[in-house]
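You will see two complexes here that share subunit A, one where it goes with subunit B and one where it goes with subunit C.
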Partner chain A sequence: MASTQHVLLSPAELAYLHASLSLTPPIRPDGRTRTQFRPLVAETGILPGANGSARICFADGTEAIVGVKAEVERTQSRHDDETVYVEGAANNGGDGDAETKEDSRTGDSSWAEMTVEIPGLRDDDSGTAFLAAMLSEALLADGEFARRLWINRRFHWKLYLDIILISPPLSYPLPLLSLTTHLALLSTRLPRLQSEGDEDPFFDDDWAAAPHLFPRPTTTTPTHRPPITLLVMAVGDSIIFDPSKEELAVADVALAVSVSGDRSEPGEGGAGRKLRLLSIRTIDPPSRLTPPGVANAANSAYGAGNGAPQKMAEARTAEAEAAAEEGVWRAPRGGAKRAVLGALVQKVLEAGGVVDEVLDALEGVDLG
Partner chain B sequence: MTDRRRINGPAGATIPPVYDDESRLDLKTATGRSRPPNAIRKMYLKTGVTPSASGSAYLEIETSGKPGVSGLKLSCSVHGPRSLPRSSPFSPHIVLSTHVKYAPFATKQRRGYLRDPSERDLGTHLEAALRGSIIADRWPKSGVDIIISIIEGDQDRETSRFQGDEVWDMMNALSGCITVASAALADAGIDCVDTVAGGVAALVQNTSDDSTTSIVVDPIPSEHEKILAACCIAYLPTRDEVTNLWFRGDLPASDMELYTRLVEQGIQASANANRVLVECLNGTVG
Partner chain C sequence: MPLDTSAYNLALLRVDGRRWNELRRVHAQIRTQAAADGSSYLEMGHTKVMCVVTGPSEPGPRRGGAGAGGGGGSGGKDAEVAVSIVIAGFSSVDRKRHGKGDKRTLELQSTVSNALSASLHTHLFPHSQINISLHVLSQDGSLLAALINAATLACVDAGIPMTDYVAACTAGSTSTYAANDEAADPLLDLNHQEEQELPGLTVATLGNSDRVAVLVCESRVQVGRLEGMLAVGVDGCKQMREILDRVVREKGQRMIQEGTVERGVGLNDMDVD
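For the complex of A and B:
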């Protein structure tokens, strides 16, 4: 799995990193503040053959491309209220339709398909499946997205989101993939529908007239935006956003939090944005797989064990585990306190916090 | 490549009209919950069911009172700790691999024999939950396989409509997987900091026109009109720590109170499941 790849850091380096990250304010290896993201380069509309596309390149060299392709698909009809007829009941199918026209737009989570490809990992790797499930779960959480793909009662759009990491995974790629998907969805355009009602769909062949899947912000209507997923971790008491691979290697707990920020009213910056919490997943931190350090007192090279009566191996192990020495790295054991988890989520959802900052920055990207 | 060996039906499927009796229609609506909101379903747990594995456990969760609703049946076997193959790199910790597989007949829709992405996803969640509880550095250079088969998924066969609730079923299945895997690990004699158990809490809406919501533990999707949000928690009671948290839903960010209450209820459900687990282990292992 991408998050648990081995980091080539010695126990002493890990202990140093852990100590410097738990300071207030934490000192990060690349000199960022705790909420600062790595600088990134973003562009959209790079793939002429796709309905929407985006590319993001992080300063550390990781780069991802997302292409969104749409196909018209026949909606599989199911036995529901419209196809089950009740014997003896009055036929009320005809007259009820007109007034509930708007509400009849229903979506299905199978209408969007997401695949993630990471070089060096097998297609059926659990980590890739986990990333894809996390990104699509946030996208489909409120059901509003699937409803946008509705054409009429017989047809719908099937959206394929193909996420490709084109660099080797130098850090856990979740924030990169999520931001790229966000931009690709914002730039996605679907051909304008010309047919009416439930007839076979017929589309305008003028690409310039194609409306965006997520309409541009206007002054009158609230706008719906695709979600973003942020990686946030805790070391001691410090909460750190967008951790690099080395920082993640000493994390006590790491969370992926998906948020959507719909604008209820137009405005600059974070004003008028309504944040919604869509999903949270615990990421298994790679710190649990790091090699432990050996204290001088227990190291036979420093004279440990000389003169002292030979102890049973088990007793020695228990003693070493009980004594946590400052500066000797030990892989974290157990889980996270609920107060820490609560603080992490609180920090993400804070008004005017990191989410607003990231969304503001993404709004500045030219969508073509 | 199309299948030319068999005579296949037409590609575009049509469905015949179904004539239903008016008296049976009320079966399809949400029946409401028969338990108090903070009570989990009864469960049966037994360790040592697979003699050839070094540890194993079987978990069954009570079916709800409604006929035609199956409960959850899980079987877990633990193989190991055993030495890693020569070709694999050195590991200072035990290498954990988790497999969660639905039996082909476990759900309404048949599952294939290969694991699909949702099953892999469940496996990753389970791994995160267990890795926090295992004392991994006591077994360097060794590996352990945890294999869970879901013999019967927790699905309601009565509901004809697809309600998009499969993900909520997945959460219930995950909480069962965590509990049963923890029992099997204890049966295998693998050192853990504590027994970890899973619990689910959900924010539900009981009637479609009413906007009042309530928080229930161990939700059954068919008992409620709509599930707005749910979280699955893996919790270590003696250390008071959470090893895995999976939340999904749609909550306004301004209402942190609601989220906190949901997590608290999930922890409560997990602690209740843990009591069953400890009682079972006291009876057999200890």
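For the complex of A and C:
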């Protein structure tokens, strides 16, 4: 999908862009620094009919809406689970009850369902499915999230996350969708449970009393936050965050890195935040599909090949690939270098770095 | 939960406290999104719709998301109006996934497309395509009317020449078809609960005139009641046109004040300050 979207840039323009991005510090077309994000407008709680919702509008005009809806579902119990349950119930005295309850809070990744809707693409488009898989993978990576959906041994919440891209996909929408999902999850509230134990769940109908799925940060307890997935790319040795479509068109490597930032100890800013790497995916950068430039020496318009006998076409291509010439665009070939990948991940996980900045900004959004 | 219509005759008030000829609260915005050629956001009660218009532009190699083509195919003398409607899974009370090939969505698409291609001056843009993509965020009745109104606003924002506003509204009747009540009154602007139980129709008119652009009736209704419903619906469309017009004018004034656009000639009679 959008990662392989065509960018209308000539080989000369691509070469120029590549050269200016590989400088230290890189010069980006929109004048940002390498870690700077595009400005965005965010709001939450826009849909009273959903358990949680958020809308984010990037400055380049891409806009996404995420709605979270929850339903109570009966937990499918397997046969062997059932025996454990009976034994557990038999062993439980009155006092050990609370402890066992904590232990039995298990989740299943099928309890959260994520769909991505992008205008102009089919439902079963591979790109859309890949985006949805990437986002839900990060969310479910540690199993902690699914455990939050546990009601009792017989019932659980089924969470539906519907992600809608409102605007046409102008740039690779992964960061946008991820940030919007993060905000929507932060604003998600589930009705307060009134029933006890394993009886059929019964909920408080006072919405004001409904607790948040991710409790508000307090000064005493560590808080758990949903993950964010960021797009990072490397051109030469420079590492660039939140690339625009044009920048992505000259990327050597593009990575989608999912990070969660749980606050282990309370504090202002990124001080008490523990960043955890949840998943990494390489994104196939559109730069691989760009047409290569032709050096003047090999260009017949500049007199090349006039005197020499006509070479076979393949021989000439091989020759052109062997000799990398400054200022002549050649699409990146092969995989990413290990050192570059390591540097990318390290840059993302840097304390007080970009992720802290983004999470701080997202915490600043009024959750209503 | 079945709708209790027996109480209506006592106080002449509907379930949501409206009288028979009252619209729900309508809130609309245009130019909600910077990247699009035209965009709008419309709320009719709890029905919330967003619209993004791209074009008129050259039709792409892929006919991306072109659900239903309206007046004239692309490559013809007229621009093609391609409408795609995405109904969000979270829009209704119970979460329901609506596929792209949903028959009901396809029908909505072709209705909106036909309604707008009749009003837009598509002959000015040969061999091109106008993409209208509509997103339903929340639904509570009168969905088709909200879609048509939102699409009209977005087309105005996109600056596509058009004859006049296509303003739409629904109308219904106070008692069910089965009740066969002779004295049933017409109702304006049905919500979801009323739409489920009572006969209703969606009507869209062209601007201030009484010319009907769309008339969709999907329920059984005695033919004697139809005239009353249609008259009320057309009246509602006129109110709706005023609302849409006000939204466009307010936005225009604000843009002139902010200096986004220059004050054009012939605007002197308009009250701008």
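Criterion: the second predicted complex is superposed on the first by the 350 of 368 C-alpha atoms of A that agree within 3 Å, B and C clash if a C-alpha of one lies under 4 Å from a C-alpha of the other, contacts with A are read in each partner's own complex, and residues count from 1 in each chain.
To be clear about the criterion, a residue touches a chain if its C-beta (ideal position, glycine included) is under 8 Å from a C-beta of that chain, and two chains touch if they have at least 3 such contacts.
Bear in mind that the values here come from a model prediction, so they are computed numbers and not experimental data.
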Fit or clash between subunit C and subunit B when superposed on subunit A: fit
Which of subunit B and subunit C A:69 touches, first, second, both or neither: second
With the two complexes superposed on chain A, say which partner A:137 touches: subunit B (first), subunit C (second), both, or neither. first
Which partner, subunit B or subunit C, touches more subunit A residues: B
After the superposition on A, what does A:179 contact: first (subunit B), second (subunit C), both or neither? neither
Between subunit B and subunit C, as viewed from the CA centre of subunit A after superposition, lies an angle in degrees, nearest 10, of 120
When the two structures are overlaid on chain A, which partner does A:50 contact: first (subunit B), second (subunit C), both, or neither? second
Just to confirm the value: shortest Cα separation between subunit B and subunit C in the superposed three-chain model, in whole Å. 7
Under the contact rule defined above, give the subunit A residues that sit at the interface with subunit B and also at the interface with subunit C. none
Any idea which subunit C residues touch subunit A in the complex? 33-36, 46, 48, 50, 52, 54, 62, 64-65, 84, 86, 88-95, 97, 99-100, 131, 133, 135, 137-138
Can you check the complex and tell me which residues of subunit B touch subunit A? 12-15, 17-22, 25, 89, 91-93, 115, 117-118, 120-121, 123-125, 127-128, 131-133, 135-138, 160-162, 164, 167, 193-194, 231, 234-236, 239-254, 256, 259-260, 263-264, 267
Sites on subunit A touched by subunit B in the complex: 1, 6, 74, 76-81, 83-89, 108-109, 124, 126-127, 129-130, 132-133, 137, 141-143, 255, 259, 274-284, 288-292, 317, 331, 333-338, 341-342, 345-346, 349, 351
Which residues, counting only subunit A, touch subunit C once they are in their complex? 46-50, 53, 57, 59-63, 65, 67-69, 71, 115, 117, 119-123, 160, 162, 164, 166-168, 170
